[in-house]
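Naming follows writing order (A, B, C and D), and every chain is counted from residue 1.
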Amino acid sequence: MNFKSDNEAPAHPAVLEAIVEANRDFATAYAADRYSQRLNARFSEAFETECHVLPIATGTAANSIVLGELSPPWGAVMCHQNAHIHCDEGGAPEFYTHGAKLVPLAGDGARIHPDTLGRAIDAAGVHGVHNCKPAVVSVTQATECGTSYRPAQIQALAEVSHGRGLPLHMDGARFANAVAWLGCSPAEVTWKAGVDVLSFGATKNGALTAEAVVVFGRPEWLEGLERRRKRGGHLLSKMRYVSAQLLAMLENGLWLDIARTANARAAELAAGIERSDQATLEWPVEANEVFMRADPDILQSLKTRGFEFHIWPGYDDLARLVCTFATSEQQIRDFLSALQDSGPG
Amino acid sequence: MNFKSDNEAPAHPAVLEAIVEANRDFATAYAADRYSQRLNARFSEAFETECHVLPIATGTAANSIVLGELSPPWGAVMCHQNAHIHCDEGGAPEFYTHGAKLVPLAGDGARIHPDTLGRAIDAAGVHGVHNCKPAVVSVTQATECGTSYRPAQIQALAEVSHGRGLPLHMDGARFANAVAWLGCSPAEVTWKAGVDVLSFGATKNGALTAEAVVVFGRPEWLEGLERRRKRGGHLLSKMRYVSAQLLAMLENGLWLDIARTANARAAELAAGIERSDQATLEWPVEANEVFMRADPDILQSLKTRGFEFHIWPGYDDLARLVCTFATSEQQIRDFLSALQDSGPG
Amino acid sequence: MNFKSDNEAPAHPAVLEAIVEANRDFATAYAADRYSQRLNARFSEAFETECHVLPIATGTAANSIVLGELSPPWGAVMCHQNAHIHCDEGGAPEFYTHGAKLVPLAGDGARIHPDTLGRAIDAAGVHGVHNCKPAVVSVTQATECGTSYRPAQIQALAEVSHGRGLPLHMDGARFANAVAWLGCSPAEVTWKAGVDVLSFGATKNGALTAEAVVVFGRPEWLEGLERRRKRGGHLLSKMRYVSAQLLAMLENGLWLDIARTANARAAELAAGIERSDQATLEWPVEANEVFMRADPDILQSLKTRGFEFHIWPGYDDLARLVCTFATSEQQIRDFLSALQDSGPG
Amino acid sequence: MNFKSDNEAPAHPAVLEAIVEANRDFATAYAADRYSQRLNARFSEAFETECHVLPIATGTAANSIVLGELSPPWGAVMCHQNAHIHCDEGGAPEFYTHGAKLVPLAGDGARIHPDTLGRAIDAAGVHGVHNCKPAVVSVTQATECGTSYRPAQIQALAEVSHGRGLPLHMDGARFANAVAWLGCSPAEVTWKAGVDVLSFGATKNGALTAEAVVVFGRPEWLEGLERRRKRGGHLLSKMRYVSAQLLAMLENGLWLDIARTANARAAELAAGIERSDQATLEWPVEANEVFMRADPDILQSLKTRGFEFHIWPGYDDLARLVCTFATSEQQIRDFLSALQDSGPG
């Protein structure tokens, strides 16, 4: 039973159907096809503002291409110390920025506090050319700890960023889960709150492989973004298959339906853990990830029984449990039952 | 009727089926899945030697990641002046090599002559640190002009390269077409002839998006290749969908069947052009591309009738016509008939 | 007797004295000293327009930092195929641009013809993101063949460049020699003719190690130039010693006096070669370099007699003879006499 | 009275004399001159082992070129959080490494503890390609806090590094001051303790601009170091002037004499501060830098009286006072007297 990652779930049937549909005929190469050409309009509709959209196969590439455009090589990228771009992308942001420095910031639940951000930006560049220059702020939504920024929190970060001349990027690998949990509109927690560019994730949310860079009203960034996508080898010749997935996701709000299902499973799991004597929740569950603190023996016992999940790096008693649209209510019940059984007894 | 590119054709049904099949269950992320794990064995079988295989979504990325591993940042990459890596990849090889210099060489039909190569390598590095250092030779098979290197020609280039300490890379975006046309084994025109690493293309040959770096017996390159793939954002979390396509291609020689079909259409087209008074062949047709020289008025007339193809950059009377497995015999007949009608006659 | 390079001559005594003078007291570090702070004013005076000046230790760094600022990583740098930036800087321009492509152009005497330039720019970018994007034009003055562009020639190149949105950079490693030979003002052959930024060379012209990037009225480039200089490790902590050399050079036109002396020796040498039966001039001598074509045996004979010079790469019968302010009239006479004696007799 | 930086002091007369001497005649360009050619032998003598030496104009370049050679682009450079390479080089290490990540470590007095280092290396790379890979350890000697590692401390760090396959680099911008203070041999605190490569600083110690990369017994690094030096624009054509400074420094131990003088001034200053009621020492004074904690009003009062020094970033009550060979005993007395007078009394 796989709680390891939403990356390990299968794709949603509607996404597969869209690919089959896109395969019926010839289509122009290199994102000039009729699917890719509809992305701007569909995202603009979903986000209630003019969007420029670049489909991209991976989230690491989406994030890194954006950071490459927003930070000069001598720039500093302000992010949380747990941020995926800092911890898990193998140096891709440094590659695409040609060597920018990621400045890791502390903050509970993988959320950056606006005061922390302001102080860090102000301190980072005081020595001019001798320092890397603060260039962009990047936040993750939902965060690496499974929490979600409220729109007002994003707005506060955007004020700090914009007040110092820095654009605000949102890594939305689990953006759908955050929006579904917040119950707000996509607009409210992005451009209306000050986000300038979003890495819109679909892969973790039921696509095969489909992400998108969504730019809110900054057309001057487009040429650089497109050049960097090509130069990174990410302008797929048959981009239609990525774009068709994105279109399927936006169709009738499928992306939010999928996320709601995953979130519901996470909420059930969290509720069971809270009721349990064997484990506690490490952070509030505000998306589809559950961080459970339990005795290492209990965690090992669960693994032995076939429950797959990651132990958080640097800990032996903290488990990350990820739910997906393909996780069943029965699986949650089985897990909780096994948790109850795994206690000292 | 689309002769623009094999990138514009749909994917082969068997490839789509393989994706659907791979979607039945959860699978481990980041190329640790059961599909990706079978690639080494399947390619080793197809190439009759031990292969190390990295699935990658695009040919530009495959080429650039290889060049990044084989050339230091101060290196010189020896290639034909028409090479895709030099002309059409938007600077991706320079990006992944951190600034290597591509040294373009002349040669009929987009083929490099061994003497040209030897002289160029010898001349390029005579001033030590003041020059870029010749580091790797890259050839395209089939070439950008639709010709194919014979095994003996590859061997001659490999001798020149290896004799000067340079590895030999093959950009095989249309490798299947070349092998099918040559009628040789994949081994004969690669490692047996001295190729050290191959960018194996499947996207142009009926996949959705699937390429592979195939390394012949140089395990010391693997760590760098894997690091560079991750750092370029090309380690797909759901790599299984790429690997499943590659496995489907290798199953019962599907990749060669597809290529043979495309080549057969190209041969029919070439034969018709040769019989025609309106046009001539620019280069021998040794894969699935036909380069047709004709009066610009004729080319425009064909376009007006709905035949889509590219005019070669820098020319107004040279058309590139690409055939695919989805091109029908009827389409070839229609084109040739239209060609005959388009004359001044 | 050394005709190998102006890099091998000693520094001019006045330059040394300026260093001694600059050493009398403490001075602020990192180019905030009183010497560096005077450069803008002194160059503005010499060039009759507002100049922004960055002192830099080497010409390779000056050129590369400028190109890094003027070309994006996916840019194409248009230059002559003999250009120092393309042939002799070990990939430094590629390093500082993060992988731009240098596009080498043909042209007699290492000079680019405006028509060649225009056609090359127009051809280079026709496929959008699939191509590197023409970003900057770089010319060398005096050229690598010892010729000098006339102001009208520079102007014609600037019109081609600017008309296509590309700035014009001048590599002035031997700028003093060109200006001295042309007999024009520094302004006439730079900003008045359309040059946007100049690598002003002093090292080859009697400094120990001192170059300068001179920007004509483009203050928006300064931050990037300064960041790139620091990031390349070229913001010397004791920059005063470089700046003092530059100030000494500009004092009472010393830089042009030194260049005139070197040019005079080259003219004497050229005149002697023209009179000789043993050798011919390859290109007109329009600065301090003389390219002499002679039988390989004659060249070897001269070397045996202790005359040091370079044989041009790829030739065995073409010698480059460089004159400096430290070359004496007697040395020229000795060389010419030896040349006369070295014939088949 | 300047306590701001040893970078602001004039050069030592013997260094200037060496430059004048090196200027007497022509010399081969690009470090093939007779001065540069003697560096290996002279450093080998001073360090009692075979050394390979690359003269370089700046410390930032020396450090960055070394890190570029020792870390792949996806590498992690382990260093103290106060390290000059991390805080003060404007991203040069990221530039020369093509985007490596600097991992900042805590530690009293800017010294890294071996346990901290071991844990950090072990933690940094646990996720394989998803992480940057620990590649090299860099320590500063004397440190940014004016302390000096004992040979045994270096040895402990080297054991941790080498035990994990990482080479050990020493940033020796103030290496002379550390050696002079430790009273050990240069060998004892470098290669005998496990240092693999040293950035040997002379600029802060009385040179005009002269640093050197000194490699202990790792000839396989030389080609890369030389290529990177050239590519960074740091292979000075007239390198003789840098090399002559280095030779002058090594002549009769001048470098250690200069450092001893600076250290003696720092010791006098430290002793006076310890006796004072107005201020305290922040860290033990083990080189030529004194960190003095005092009321902000006192620091301002001292500045008003003409004493120049830096306030440590992030503090308002911590002054850095740097002594040099050109600092006089009288200046120390004047400062201490002013300090005494500046109190509230």
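Quick note on the criterion: a residue touches a chain if its C-beta (ideal position, glycine included) is under 8 Å from a C-beta of that chain, and two chains touch if they have at least 3 such contacts.
Computed from a predicted model, the values in this text were never measured in an experiment.
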{"item": "Most distant chain from subunit D, judged by the mean position of its C-alpha atoms", "value": "B"}
{"item": "Separation of subunit B from subunit D, taking each centre as the mean of its C-alpha atoms, in whole Å", "value": "51"}
{"item": "Cα-centroid distance, subunit B relative to subunit C, in whole angstrom", "value": "42"}
{"item": "Subunit A-subunit D separation of Cα centroids, rounded to whole Å", "value": "42"}
{"item": "In subunit B, residues with contacts to at least two other chains", "value": "30, 73-74, 89-91, 95, 98, 129-130, 227, 230-231, 235"}
{"item": "Chain contact topology (line, ring, star, complete or other)", "value": "complete"}
{"item": "Contact footprint of subunit C on subunit B as seen in their complex", "value": "73-74, 87-91, 94-95, 97-102, 123, 126-127, 129-132, 313-314"}
{"item": "Subunit A-touching residues of subunit B, taken from the complex the two chains share", "value": "2, 4-5, 7-11, 16, 19-20, 23-30, 56-62, 64-65, 89-92, 95-96, 203-204, 208-209, 227, 230-238, 241, 326"}
{"item": "Complex interface listing, subunit B residues touching subunit D", "value": "30, 72-74, 98, 129-130, 133, 224, 226-231, 235"}
